[in-house]
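Here chain A shows up in two complexes: once beside chain B, once beside chain C.
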Partner chain A sequence: MADIGASAAAVVAPVPASMPKRPGMLRRLVREPVAAIALAIVVLLVLVALLAPWLAPTGPFDNDLSVALSVPGTEGLMLGADGQGRNMITRLLYGLRATLMMGVASVLLGGVVGALVGFAAAFYRRIDGLLMRLMDMLLSFPAILFGLAIAAILGPGISTIILALSVATVPLMARIVRGSAMVVMRQDYIEAARATGMSDARLILRHLAPNCLSPLFVFATLRFGQVILLGSALSFLGLGAQAPMAELGAMASEGRDFLFFAPHIAVIPCLLIFTIVLAFNLLGDALRDALDPRLRV
Partner chain B sequence: MQQELLRVEGLRTVFQTSSGLVRAVDGVDLSVARGRTLGIVGESGCGKSMLSLSIMRLVPQPGRTVDGKVLLEGRNLLDIPTGDMRQVRGGQIAMIFQEPMTSLNPVHTVGRQIVEAMKVHSPKDSAAALKEQAIAALKRVRIPSPERRFDEYPHQLSGGMRQRVMIAMALACRPRLLIADEPTTALDVTVQAQILDLLRELQAETGMSIILITHDLGVVAEMADDVAVMYAGKVVERTSARALFEDPQHPYTLGLLGSVPRLDEDRDRLLAIEGAVPPPFAFPDGCRFNPRCPFAIARCRTEMPPLRLVEDGHEVACHRAPIEKALAMESAA
Partner chain C sequence: MLRHVLQRVLMAVPVLLGVLLIGFLLMQVVPTDPATVRAGPTATAEVVAQIRADMGLDQPLYMQFGLYMWRLLHGDLGVSIINNVPVTQELGATIGPTLELMFASLFWSIPIGIALGTVAAYWRGSLLDRFVTALSVAGGSVPVFFLGLMLIWFVGFQWQWLPFTGRGGPLWSLEGWQSLALPALTLGGTFIAPVARMTRTAVLEVLGAEHVRTARAKGLGEFAVVLHHALRNALIPVVTLIGLQIGFLLGGAVVTETVFSWPGVGRLAVGAILSSDFPMAQGTILILSLGFIVVNLLVDILYVALDPRMRGA
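Up next, the complex of A and B:
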């Protein structure tokens, strides 16, 4: 009996007025070795992509047909050359740049529009049904179909892919944001803020949005990996980056012709895509664990 | 009679639900005098909170205020444009809520939240001026070391402190009316007393009026000048606080008072009101209290009693009021 009383007292022990600061987001994130490695890979990839023009040994379109199809390890060509005799390292650096840019642009564009739709649906219950049925309609088309349709109208190209992937991201983001925003809308502080005469826009921006951010970030990170994969698939189908532009999916597509006698041309871009997607997925999972309030100590 | 600040006439707020039309507030008349405190008393679910939200025009969907007037210094708040109403909220009428633990946004510092609330009404003030005013507001609600508290998050404060912050936020723009919806229900008894003292002191300083919504008759006795007793969406008794405790007239009020323990009486048992508040989509015919009323007669089951004056400044909605006279006649007969 006394034990129970003592442990209960321990559980409800008052929190000291000046609590020590909780370890920061980043520190909680990198506590897991897997997460730390994933974060390191993401940072490295982004840095390399940004610095591509300075890191690349040759210009992106410089070719030397005499070394075409050289295997990795050839003198002066660490990763070999492609079918046109372009340095694979240069092509990979520029391809990475294009692929990451495509991913960032689609997740940003689709994510922002989707988040706005989600906030609007949760905030203005009157238009919730209409907005969400629209989202359901978008959700019923596969992203590849969007890519084909938009390419049919605008012609193939990297902006076509970005548009298609953004449209495919909007309904997913809208659903996730609406879900968490509806929970926040029921909180007393929303009503209290309303009672101070705050405008709707301010209420959404200051009180609603900041409390919905963690699922939003987690989803954006995970979605980034998916978008890269989808974008590469669309590029592989020839809807995306057009020759001679370097893009990882397009490079894999070009390498297809030489798969039997120079497999490195297709395999290396695919390995890079694999690494990007894996790193972002692991990072997204770790972010979810780090942001989950139930797992906080 | 003092000067009137707020007058509510025939206010009706309904909810259209799948189980029928819910009349949460059904024809309520109220009056709040300048610098005075009106207590609104009633059980859970009697429409007290919906009444206050109706005054603020913050009734949640699918509720609608369908009838009546809310006159603040003669201006009907139900008619003015939304933008003007926003200026009234927080500017002229402020509100504090029951749960100080959840009424503050956990992601912002308390200082920032007070500044936000003030910015709505004085958007031209500089950030530094607003911060100074916010610290002054914290000081006014007797928060120790307000400069430090300004940068703290809600989870670092105790319940009583948070309610003080809520009050500071509500009073930052010097409203003329404060609606306090169960401001002390979620707090410890000692903290309750401190908060009530604070509200009284602030009222004396600023001359604001208060609508105090509570189910705690002790709080009413301590704070209110006038009282309105609500039952099932209607005001059933309206008088001064003194008259309510000395000469309660409505059987429901009698029941409420009978269920409060008193030090100056020697009673073994407290009286309890039989039954529960009827669900608002299935109110009985006639007087809504009749199924629970020990004094009910046939007329109570068919005819809704209007609020009528039985004594000077004492209105009751009961066919049998004044009840002593009715009982005396009965025993004589």
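Up next, the complex of A and C:
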């Protein structure tokens, strides 16, 4: 699903490099109440996921069949228990951890490769055409197809999903980075740096990359939400995390069997996925507005 | 125009070949030997060797690829490992329901999305605009399966209004309609948000254009201005963007089919992958990719057909 990420990212124009760095980006960001709340939720979720092993009341696989399907509010089980009698709070904490890790790994892997391709295309004009045609080809297939194909070859698993989502992220990131790098490349200071005999690697790292960072960050934030949505859908289909591992999409899928008499098992993980994606989408939109107010529509 | 169409078709050829090659290689890297599977567990080594020769598996890889292409052109995608049914037969039975689901979803969600986006753009900054914008951000964050499960729980289970498993019958029967309703609501429901957002942006851009000011200046009613002058021009980018979202729709369709046990290609693909039915998995992935290439091509051509300015480009 190149799609929504692409259209959202397409409006992120590169900030002209000549523009001085405006101080207090974070301060301007949190002045918007929606953005502040989204940022707070993101920070909270990340902290909770990191601290999952210490916060969880039980071990991730501990079960007690006598409390299976307990509804939220049961004595000692604030959010109830799942079909195997595992504490929902524990499962959610570990599930959140797995889901966020899947998202971070996909955006990081796909983003870094994509950014390298984008910089290479903008810097070495001779391979630009070839690289970008290759990216167009990748872009012409939705992430779900990568997910299905890679799962068919490697078998289901969380690494399958990370690989599929990374592949789907590469062309999007490459386009965005190439677009903003091309603008920066036209600046005089690049010419000046080149005239001093600086090496290509140094030129890219010291002068080109730092001036392309803001669209890159906006895209990564918005993409993170998309990746979580896609990844949890693939997990829901059974192509991702395998039992007994806790992952939010897989938990929703397990809860499907108990939907009619214990809906909380499916609904709570779904709500958590929705919260993550919404928070990242709002944060991404706010970041874009803060970094480049001209784009606000 | 013809030249443009030909050009686009030619550009799709390498992608198509790439997909076929990947589909072929997919079968090469899977851990099971098709000849052994075909021969069955009790077969002797000679029988397996005979079957391998019959299937052409003892040939060099490029010969095998040629054979694979030849079979493909004759509609032969192999036989399912699980139930011995020809892959093409299963595909033929599942494509219809998948298309049915996708069209039904688009049919109701696109008009609603376009209407919401237009209204939001026209009353820009109003409470209504904020409501639509908030709705589209929130709607774009809902997992497809969440929406599906909620519809099953409320509409199907609690209120018992509509069936929620399988396909009740062909589209021209009442049962067919009833069983299609919830899956189409689910898949379409996730599509409203992106359509509304894209329409809003496109209409906003056109509303500021000079020809809209001219239309107003010559005394046209607001309704005519928005409908004929603004929306009509805004539809060009919207149509393209909707076309580009078909991949997103496809992903949703695979999940929706699984949630509602809808007998489509997506559910077939997931089932084949999970049961290691490699020929079937390959066939479904191939057909989904081909369908996707064709849709992209059609969108590309439609875009030029709608916007004559693009013809020179």
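By definition in this document, the second predicted complex is superposed on the first by the 269 of 297 C-alpha atoms of A that agree within 3 Å, B and C clash if a C-alpha of one lies under 4 Å from a C-alpha of the other, contacts with A are read in each partner's own complex, and residues count from 1 in each chain.
By definition in this document, a residue touches a chain if its C-beta (ideal position, glycine included) is under 8 Å from a C-beta of that chain, and two chains touch if they have at least 3 such contacts.
Source: prediction; values computed, not measured.
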Clash or fit (per the criteria above) of chain B with chain C on chain A: fit
Which of chain B and chain C A:Phe260 touches, first, second, both or neither: second
Which partner reaches more residues of chain A (counting touched residues only), chain B or chain C: C
Partner chain in contact with A:Pro142 - chain B first, chain C second, else both or neither: second
Touched partner set for A:Val277, first chain B, second chain C, both or neither: second
Contacts of A:Ala36 with chain B and chain C, given as first, second, both or neither: neither
Partner chain(s) touched by A:Leu130 [first = chain B, second = chain C, both, neither]: neither
First (chain B), second (chain C), both or neither touched by A:Ala243: neither
Which of chain B and chain C A:Asp285 touches, first, second, both or neither: second
Partner chain in contact with A:Asn211 - chain B first, chain C second, else both or neither: first
After fitting on chain A: smallest Cα gap, chain B-chain C, Å: 16
List of chain A residues in touch with chain B within their complex: 15, 17-19, 125-126, 187-189, 191-199, 202, 206-207, 210-211
Chain C contact footprint on chain A (complex, rising order): 1-4, 6-7, 11, 137, 140-145, 148-149, 151-153, 155-156, 225, 229-230, 232-233, 236-239, 249, 252-253, 256, 259-260, 263, 266-267, 270-271, 273-274, 277-278, 281-282, 285, 297
Interface residues, chain B side, partner chain A - complex: 56, 58, 61, 86-91, 94-95, 97, 99, 102-108, 116-117, 120-121, 155-156, 158, 166, 169-170
Residue ranges of chain C touching chain A (in the complex, touch as defined): 14-15, 18, 22, 26, 29-30, 137-138, 140-146, 149-150, 152-153, 157, 194, 197-198, 201, 204, 241, 244-248, 250-251, 254-255, 258-259, 269-270, 272-274, 276, 278, 281-282, 284-285, 288-289, 292-293, 296
